[in-house]
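Take this structure first; my questions come after.
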């Protein structure tokens, strides 16, 4: 088993127009994402940016990387990366964004500015140096 | 061993036919790309954590990135992806000279990308917008802007290393192609190079809005 | 529930210990049941079905839906129960009573410093009134440590640049071990302390005494006590042996070489400076790891320590 | 039926070994590296136990002690257990079990071994150039502040990670593409399923370790400030990064062990394995859940209570597939024909110890009790029961099982039984006492301890000596058997999996003919293996 070629054959030749069309589409989408970034949508900016990036990414993966024509296994392998990356991100953010649930004092570092700003004039250089004392 | 007499030289002894070998290589390559996604994934997680903590600082710091250069680089990489795809298509059709031409243009575009990146980096280094404790710039409002630049340099740096590695592989492919080692029947290494190059492009597609276009 | 102390657990001495130990014992007994079940079955099968002759064909039975559902569903139910009881007790351990007395705990390599609301402080000895909820506000000045009192079943990591909290309420008078449970380097295993739970009267008396300096005892005897209570002994010896810091034996009056190469006479001023600003003049061959005692030691106490160090010089 | 040419003899010469592409030879090369690592790690462990026999300074000071336990952890984990079963045993039997001529990418396979050796040498260099005292966990900010060769050691681990990734990648593709005709997915031996699940973890988790170590090195050299609190970073974030790899890594260690145990129990019970699909799928269940539970290492770290709750719940889920495996193994033994040869004794030892290791994990996933037990000897005992009682028992069980196939010789059965007995007794003495120590409040990584813990520590140290004697005996009779052992037949245990259909040791091309599957791996109800 597993030695036969898939139905489209190992030598699917993508029409030239598909490549050029996808490439053109990617450039258009790039232009759109740049334009949108200059419009203030509040929290939606990042959503729009990521949605457009994902459309672009899908086009690259599906056509340039042939996932659209190839066996499903490759799509599964690739999407595993996204699944596990999401798990990693989500569970980590469950910690970092929810540290003040029970005791607000735990949510913030007591010295917000890093040590390198200690002797530097800056907008926020008044913070207490001897951080152990309280 | 009952190997059939007409085994081509590029078919390794432990595979029974070319399709099996090509499928194995492709699966291996995709698994490798999966590891690349997770390698960058760690940095994406660090990015999300710190951006969620300091959204203002990220917004203020991103203004010091040059959107024009970033956009040009995006266009350059997308174009290089198209030329890479076309080089493989030409080999499928048996047009070796065309393949070479497209590979050379991909290589050239990769160079352009890195040169632009070099100018961006040197400008930041000049201003003191360096990662971590070498950060000396004072213009950015907000908490710990050096972390923005740490993550920026880590992510674009890792991406740049991948571009560089890709260039070496493309050079190798140019050599192999000009030595007539590929044919419409066998061009697996070329195909694998293409997959890798598109992934490098794909990662940049995410890096670009996340750093240059924080709205 | 009073189920504290067993083959495994030390006697519990906080209000939460009973709850924790009840959960522990629940998991323990269920665990023992399953362990005995597995070992008994394995042993029984080995004896009963021991190979006696060359085997022929054996039974091909390879599934039994009822049995498989049984050993999937029962463990699922048990783990959900474990999770729920564990989480409920955890919430009790995490939510700090509003009337808790707040004591600031600062961990640094390798000692514990405690600041009480009355302005008193102590080192390596946390004195608390019994039957009073105590909130410890934890922070570290260097690396991660962990505040661990086994008898209270309380543990919390102590982080640099961030506060963490824990609370406990001692339910009996006594002395309990305090240990650092997060690896922090060379002195990790000596980063020990005591929690002393006292009656309310004794606690008040201790606070009084701690804020006063007892002039009736000779200064060097007082210094000897401070040598222990301020945890000098974790890094300095009095018998001439090397340690993290220089030995105190024959130290006074000697000429010391600094890591900068300069030489300095070990006199009253040098010792005073080394206590208050330890990193200013570090002796050659030692790491600048000593924490500052600025704000943690009184002038009179420095006098006492100097007197004690002087007393450690051998007479010719 | 001895065949004149076998992979050990042909071709000859050192060069033919160092540049071999034969998976069997690469397995032997791995076995050498892994055995040396195990011996080194074991010596370090004995030194640690010797130091801890009493609270006084017995042989080394605190600083040296800290280096000893760091090295013991790093060597055992990165150089022994993680590559142990997959790279050494998997490399040898995986293609044989599939009826394949080699793994999918033989050159990559050899490269993995060279990367492994390079990582090993770099790790050893770090010992010479100042050593590392951070613990194998490299927690920040300690690891960014301490002196010593932290960069060399983390680079070594980074490199070893690539070896692990390439091995996983290679096996995954081999399993997909190189199965013998007739071997459908559900006719594969369960060891293959276990290796497959392991490969998935290796591929998905190890890159995160790589980037974590890169960031740690950057933190140490450039002070980038992502993990360092003084630079505005978060040390707890480092723990997330580290455990996102290192918890699944625990399953990189135990899953192949479970695969070995499935083979041993089926062969030595001479019975069709009970619940084949349940065992195969539970490997995947465990592999998937392993990515969801890393936060249980951080219940006291200052992570949010919400995260602790989620991680506690998810952690409990691991118990279910693990339990399913254990019950299926027991059901396999029911009405079998059980032979107590040495490999089966290791497998029974595994059942006993792994049950304790697994069940004590319940105390640690329960939030309330973990607060008390975290970072104490209870945890040390728990993971040794899983890693040693589980993986190491299975490793040696598998080694004894496949030994005649590897070398074509039998070891001395009597001494083999003595050795497994000594290891079993010594192990329990060493580590069961540590459960009690931990629950009583003895923190881990302590160079000295309070007087109330002295008796149990002494007991533990004596146990470690018994264990060491067992291993010394094993090394002697195994080495002896390579040269003087009785010649082994093709199928000494009477097993039905495919690796027993070729001669012992196998020819360089594995099989004399192209293999076709004729019976399932556990068809003891249909086919009688010809035992010889």
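We just call them A, B, C and D in the order they show up, numbering each chain from 1.
Simple rule for what comes next: a contact is a pair of C-beta atoms (placed from the backbone, for glycine too) under 8 Å apart; a residue touches a chain by one contact, two chains touch by 3 or more.
Note that the structure is a prediction, hence the values are computed from the model and not measured.
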May I ask which two chains are joined by the most contacting C-beta pairs? C-D
Take the average of all CA coordinates in subunit A, do the same for subunit C, and state the distance between these two points in whole angstrom. 42
Between subunit C and subunit D, what's the gap in Å when you average each chain's C-alpha atoms? 33
When the C-alpha atoms of subunit A and subunit B are each averaged to a single point, how far apart are the two points in Å? 15
Whole-Å gap separating subunit B and subunit D, where each centre is the average of the chain's CA atoms: 35
At least two partner chains per residue is the criterion; list those residues in subunit B. 20, 23, 27, 31, 34, 37-38, 41-42, 45, 49, 132-133, 143-144, 146-147
Within subunit C, the set of residues that touch 2 or more other chains is 94, 161-162, 164
Two-or-more-chain contact residues of subunit D, please, as numbers and ranges. 176-177, 204, 208, 223, 225, 229-234, 236-237, 240, 244, 302, 305
Mind giving me all the chain pairs that touch? A-B, A-C, A-D, B-D, C-D
Touching subunit D in the complex, subunit A uses residues 1-3, 73, 80-81, 84, 87-88, 91-92, 94-102, 106, 109, 112-116
Residues of subunit A touching subunit B in their complex? 2-5, 10-11, 13-14, 16, 19-20, 22-23, 26-27, 30, 33-34, 36-41, 45-46, 48-50, 52-53, 56-57, 60-61, 63-65, 70, 73-74, 77-78, 80-82, 84-85, 88-89, 92-93, 96-97, 112-117, 120-124
Enumerate the contact residues on subunit B facing subunit D in the complex. 1-2, 12-15, 20, 23-24, 27-28, 31-32, 34-43, 45-46, 49-50, 131-134, 143-144, 146-147, 150-151, 154, 158
Per the touch rule, the subunit D residues reaching subunit B in their complex are 100-106, 108, 165, 169-170, 172-173, 176-178, 203-208, 210-212, 214-215, 218-219, 222-226, 231-234, 237, 240-241, 244, 509, 513-514
In their shared complex, subunit A is touched by residues of subunit D numbered 176-177, 179, 181-184, 200, 204, 208, 223, 225, 229-234, 236-237, 240, 244, 291-292, 294-295, 298, 302-307, 310-311
